[in-house]
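In the part that follows, the structures are each spelled out as structure tokens.
In the two complexes below, subunit A is the common chain; its partner is subunit B in one and subunit C in the other.
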Partner chain A sequence: MELTLWTYEGPPHVGAMRIATSMEGVHYLLHAPQGDTYADLLFTMIERRGKRPPVTYTTFQARDLGGDTAELVKGHIKEAVDRFKPKALLVGESCTAELIQDQPGSLAKGMGLDLPIITLELPAYSKKENWGAAETFYQLVRGLLKNHPHEKGSQNSKAWKDQSRRPRVNLLGPSLLGFRCRDDVLEIQKLLNIHGIDINVIAPLGASPAELMRIPDADANVCLYPEIAESTCLWLQRQFETPFTKTVPIGVGATHDFLKEISEILGIEPPNQSETSKQSRLTWYSQSVDSNYLTGKRVFIFGDGTHAIAAARIANEELGFEVVGLGTYSREMARPVRSAAEKLGIEALISNDYLEVEKAMANAAPELVLGTQMERHSAKRLGIPCAVISTPMHVQDVPARYSPQMGWEGANVIFDSWVHPLMMGLEEHLIGMFRHDFEFIDGHQSHLGHQGGQPTTKHEPQTKYLNPDEAAKEIVSKNNSPIWTEEGEAELAKIPFFVRGKVRRNTEKYARQAGCRQIDSETLYDAKVHFRN
Partner chain B sequence: MSGATLLKESGPREVFCGLTSIVWLHRRMPDAFFLVVGSRTCAHLIQSAAGVMIFAEPRFGTAILEERDLAGLADAHEELDRVVNNLLARRPEIRTLFLVGSCPSEVIKLDLARVAERLNTALEGRVRVLNYSGSGIETTFTQGEDGALKAMVPLMPSTNEQQLLLAGTLANSVEDRLIKLFNKVGLEKVCSFPPRQSTDLPAIGPGTKVLLTQPFLTETARALKDRGAEILQAPFPLGIEGSQLWMKTATQAFGINSSTVHSTLEPLIARAQKALEPFKENLCGKKLFLLPESQLELPLARFLHRECGMELLEVGTPYLNREMMSAELELLPTNTPVVEGQHVEKQLDRVRELSPDLVVCGMGLANPLEAEGISTKWSIELVFSPIHGIDQAADLAELFSRPLHRHDLLNRKLLAKV
Partner chain C sequence: MTTTLTRPIDGEGSVQVQQDPSIHIEEGALVIAVYGKGGIGKSTTSSNLSAAFSKLGKKVLQIGCDPKHDSTFTLTHKMVPTVIDILEEVDFHSEELRPEDFMFQGFNGVMCVESGGPPAGTGCGGYVTGQTVKLLKEHHLLEETDVVIFDVLGDVVCGGFAAPLQHAHYCLIVTANDFDSIFAMNRIVAAIQAKAKNYKVRLGGVVANRSAELDQIDKFNNRTGLKTMAHFRDVDAIRRSRLKKCTIFEMEPTEEVLAVQNEYLSLAKKMSESVEPLEAEPLKDREIFDLLGFD
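Moving on, here comes the complex of A and B:
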């Protein structure tokens, strides 16, 4: 039994819903109680979908349990098939139905329906959402293609050359409730097209069962999101010998490597690095003098495996940050995340407990956090700027504008969205530059609200940013807190609002360490020098 | 009985389970913690229904059952003790712990009453442990509150004193306002349940008359009655008419001079009617379809029809307690279809066929209906908003008027041009 106050991932049947809802012509019969219908809102509210997920919930009740639930299930299956006329039917259970073992999949198969039926077994008491999505996608592809003819040894990814056509690949893995999948797909399509590669099938997003049947026509598979598509790609490799790409094209370096990898598979001229490095503005923006201040920024990274690993590489190789923390909530991705962390000389955090992540974040004392929406909240409490890089999805992660993470444009988006919070946050050189500007005198209120604005009464604005532990420490140390002299307060007031809280905290910390009872302007400067070194 | 036509329907439903009530109950009683004993689905439901990210440590959580908990119930008990002890050690401010049953805990027959009893003995009164079911196989949405309140009834002290008890969670501001009004007409002793502090339970006994503020408290009402209280039958305090009848039911029961009540309420009513005017104009003659979810559907339909002039196409409700709803049913126009239960697909067919101007529904259905050009109002907002009482009538009407107004606005300004 695990105490959970908040969870990064939903149950595995929500993963199955993501696959069903991403596709056309697929219906999901879910044996589940009525409350489980909440999952519809993930799609209709968070992703603002104008269509209901293609899911029929059996919504059995306690009073049904004594009777014949099998008949109930069959009735729902029949109605759903008659009404929605799907081209393929997924049949599965949520956590509760798993316990009563009605075997809805076998029931469905025994009904003589004339359509492919895929039974899903998603162990709700040990697995989670992403695993459920991957398993569903795999079962669906396998179910539709396992009898598809293939002659061993006939696969040749370079065959296109003799067939007077361009090479073609499948993009596998993009789904609803995946981070920026909608735009990544467009970006990668564009990217591959420029390099002379056509898209055969994109799945599951927007695909129909008929399109899945065409998957074997591709010369190679692109595994865009290993969390969702790796098991499918592996099976396609075993079954049809189709090779697939292992590099996820997020960031300038990874996009280059991806192009190289796919070029090698397909036997086309690999791109030239000096060319590719110019395709995204990230490279030059990062080199420009303005970005000097990004050097060595301490960054803490947490998210799904794919985006966390990609973020670590970009931070380290392309922006010149120092990665001081790297982790994931995805147990399935623990191994690659661990090895990415090892290369950076740190230990990976694999955890599903956001409070543990928050604690690790506080301990790492980063200047920037790249995380999920939950880390954004933790970072806010700690007064650290943050950019969101990964699911779980929030309505804010589905922007109206085009904002991919992958490819060249993705790198541009990443540069902007990571650097903006840093600039808005605690930027030291601004202190010196703006310290006497009238705009920053007390009373100026940014729409960020928090750190600034109202004249600071002692201990008031900053305490709310501390995490519970620190808040506790703070309370304990109140009695031996040094006192700010009027002159010290006046000096502090000259510092821009957005860093004032941090300066106050650091100065008090320094004063306590140094045993000062009073803080004047000199203590402030002493503290500044102390923390610089 | 009235002229409303009572129908039943069954089939696939689209409603939250009783766990959802935790979202407002934990805010009402900040010294209580709600621990769901369930699955990752349950945890995910609450955080998704709450709609917001959780700031700091929330006062609810889920003890997620894992494979080995299913294997042996004895271990599950031990595990639950361990989780509870850790939680209480970490959160010393908790005074009442609710163990909330879910579908999985009920299917495996994990007896939370026994767990609560054992923990109560072990904790020696430092924290009170209660249990109730919020499971989707037993309860829908607001019935979770019914279960939680019922679980608290045995802890209420006894009294023979003459008093009025308001039962059902209200927004704090509304609660203060209603109590003040009762005081003003001479009803001095008025308490509310649930209290703002879980340990601050009101007393109850033969002198207590109970006025329900919410229509979904069937079980709680029964338990209060068993403690000797009298349950007053009245329409619910939504809208001017309902709130007035609701208050008058109580004042009459206490033999308060009706002219005092009248003179106190008259100016409020006049003011509320004036405030209601613009919304009434917007809502009048518009067709309304309520899908079942919160059990507030009947009183809302009554208000929107009688005071705002809306035409009722269908009033869905997940559950209909005819006795408790008799006053409401009587106020509905003849032949209004009141449908208990749900077949969501057939119901949506009827929605499309009848093309209502406004549909009250859950969050899963709202955007898809909007995409079909039908304005919607989410029912979950109604359980979070201060909507009770005469003073709130205009605010309540505005909740329904806004989507229509917005629909018009966008159609006129944006879509008309293309």
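Moving on, here comes the complex of A and C:
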């Protein structure tokens, strides 16, 4: 067992809360001690939701454990059902309650309540938040639909043609505390509508149990977030023979492929590539002269499976970046991430230890980091520009304005939010160079805070923050690198920051080859001569 | 002041750890565990029975619990990798696995899983079975299954022997009409009775295998309250099907083969429609020697 300060995902019951809170008319009875109620704040603070999640905690205390916790559970179930009058009740336990083995699901089922009760068994010690969300959505959909009549062989995703109606699909997977789900749903609805496809049900976000009952009416399912919806889509395919899409429409290429896939499933004319490539400004912006200096920039990508894979494709195919690191914290998505990394000729990093990720980041020496809030912190520490592409997120990643990741507009948003930190980063050295100019005295703070715009001479007063070069050195020096002398460091500091990392790496490589234990300014210039030849 | 602790009720003399109650197979599926002395034909019986259930239109899952992992061999026509092998590959991060990694479609859609086992002399076969059930459950493979058949290892009485009892509704005991295999059956009956105190498992009956006569089995049944559910003579077709790596249902339909097929189908039918839990009383070792030992 590892103790850690920060985690990428919460325990699985938080995933169940995400599903319950995303929906209408669903209540979640959570057998949990008092302390576990903290999870409410994720929804009210990060997602800035105006209401508390529809969760009743049994909040047992130490003294309850001497008595009958089962009675406590039943009392809370009754109260919750009387007060909130849900259309479906989820019953589960948090990690602590799992140990008491009260089996609240069986208790609820034995109470003779007149509403669907879904028992959740979420192994808190081996599974995590996204798995919990996926399992909850699956159990809810299956619980409501397993007795829904279906004649084998009757599903036909092209049947709409004979029924004089437009084809209709479900959008499955969007949930609260997912990355930009709210706006993605609108964008995909718009996109499908243009291509003559109607939306049947969107779930779990905003759906009621009654709407879940209408899921089988769709001609196909769109699996927007495989982390949340894949197991449900697979079950719907087994149970109702409904096909589902496997492409996640993030980026210009993927959006085109998505439209092609859904068109083939529904039997409609697939869109023309030359047309679709004009739908987003990303394509032209990244081809334009202004963006020439983006080409070949080293980028490190880490996030959930869906967004990391999408980011790697956009970075590589659409922006001309060089992907130097790709990884995910979701074990469930380890396989597709590994194969995406393999295609790029790199090895995927599958880890839920943010310090390990930070180390990999420092070693890859990227010029841009695309990651979660955790990577944003690491990147800040290392002085590297960063854009957030995935959960876990910060309140600032839930903007008030419309900013989807999916579809054509999503590609525009991605272009802006990735390229701006990079451009700002490139201008960073100018702040350093002109720091002594009278026009630069104040009001020109670096966006990296005190760490940006490193002084080019060492006589500048030291900031109390860890200097990014120091941080990089500290992390990298663990792999037995040669030591930089003070004079060597000073010489290195004169080099503009955006090539400094490369010079540092090359010099260290040279020093190792030459067997130098220490690097001073002479070694630096020897290395320069060495690599020039 | 001192208190005398009462011994937990878990079978006579057993101090086994209770099964984790969260690992249970969803209600609805009929779970059968097949027991018997080593080498008596449990795997052959299990596979043919699975095939018979599938012929009746049931969705069947067969779980081989023997480290030898050849239980489902005649269904899949190959040696499939075991759950433990596959888990080792992903460093026991079961989230990375997909059903197709460890579950294989066999004859007539029978789903086949080999749990595999720990290296000889180490580990616990019960743990391996538990992990397998957990994995199947996490991947929702048990929810739409009508019949689950555990093919249990015959040689040892340990966790690997006991674990399937915790999931099963009925046990079938495979035996021949000879003293040794009936003696083993008697011990199995005792173990099942012990488990039945805490779990839902009940005795389903006896499958007489490779025996022309049934006199010894009948004698034992009359005395203990067991019942013979199916009878297979020493049929060469069954032996040949094994050599051909297929179930009896894929053999040339000669009269002999058809008779055997019908016996399996009738066993499957009885198990799904009219099986009654048997209240059998095992014999003491001395009694069984007196009953059968000196003939």
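Just so we're on the same page, the second predicted complex is superposed on the first by the 429 of 533 C-alpha atoms of A that agree within 3 Å, B and C clash if a C-alpha of one lies under 4 Å from a C-alpha of the other, contacts with A are read in each partner's own complex, and residues count from 1 in each chain.
By our rule, a contact is a pair of C-beta atoms (placed from the backbone, for glycine too) under 8 Å apart; a residue touches a chain by one contact, two chains touch by 3 or more.
This is a predicted model, so every value here is computed, not measured.
Once chain A of one complex is fitted onto chain A of the other, the partner contacts of A:Trp235 are limited to subunit C, with no touch recorded for subunit B. When the two complexes are superposed, the chain touching more residues of subunit A, out of subunit B and subunit C, is B.
In the superposition on chain A, contact is made by A:Arg142 with subunit C only, not with subunit B. Contact with both subunit B and subunit C is seen for A:Pro123 once the two complexes are overlaid on the shared chain.
When the shared chain is aligned, subunit C comes close enough to touch A:Arg331, but subunit B does not. By the touch criterion defined above, A:Tyr285 lies against neither subunit B nor subunit C after alignment on the C-alpha atoms of chain A. When the two structures are aligned on the shared chain, A:Gly50 is found in touch with subunit B, with no touch to subunit C.
Where the contact sets of subunit A with subunit B and with subunit C meet, they give residues 123, 126. Of all residues in subunit C, those touching subunit A in their complex are 21-22, 93-96, 98, 140, 143-144. On the side of subunit A, the complex with subunit C involves touching residues 98, 101, 103, 121, 123, 126-127, 131, 138, 142, 231, 235, 238, 331-332, 334-335. By the touch rule above, subunit A contacts subunit B in their complex via residues 1-7, 9-11, 13-14, 33-42, 44-45, 48-52, 56-62, 65, 76, 79, 83, 94-96, 99-100, 123-126, 128, 355, 373-374, 377, 381, 394, 468. Note for the complex: subunit B touches subunit A at residues 11-20, 38-45, 47-49, 51, 53-58, 60-67, 69-70, 76, 79-80, 82-83, 86-87, 103-104, 106-108, 135-138, 140, 345, 362-368, 370-371.
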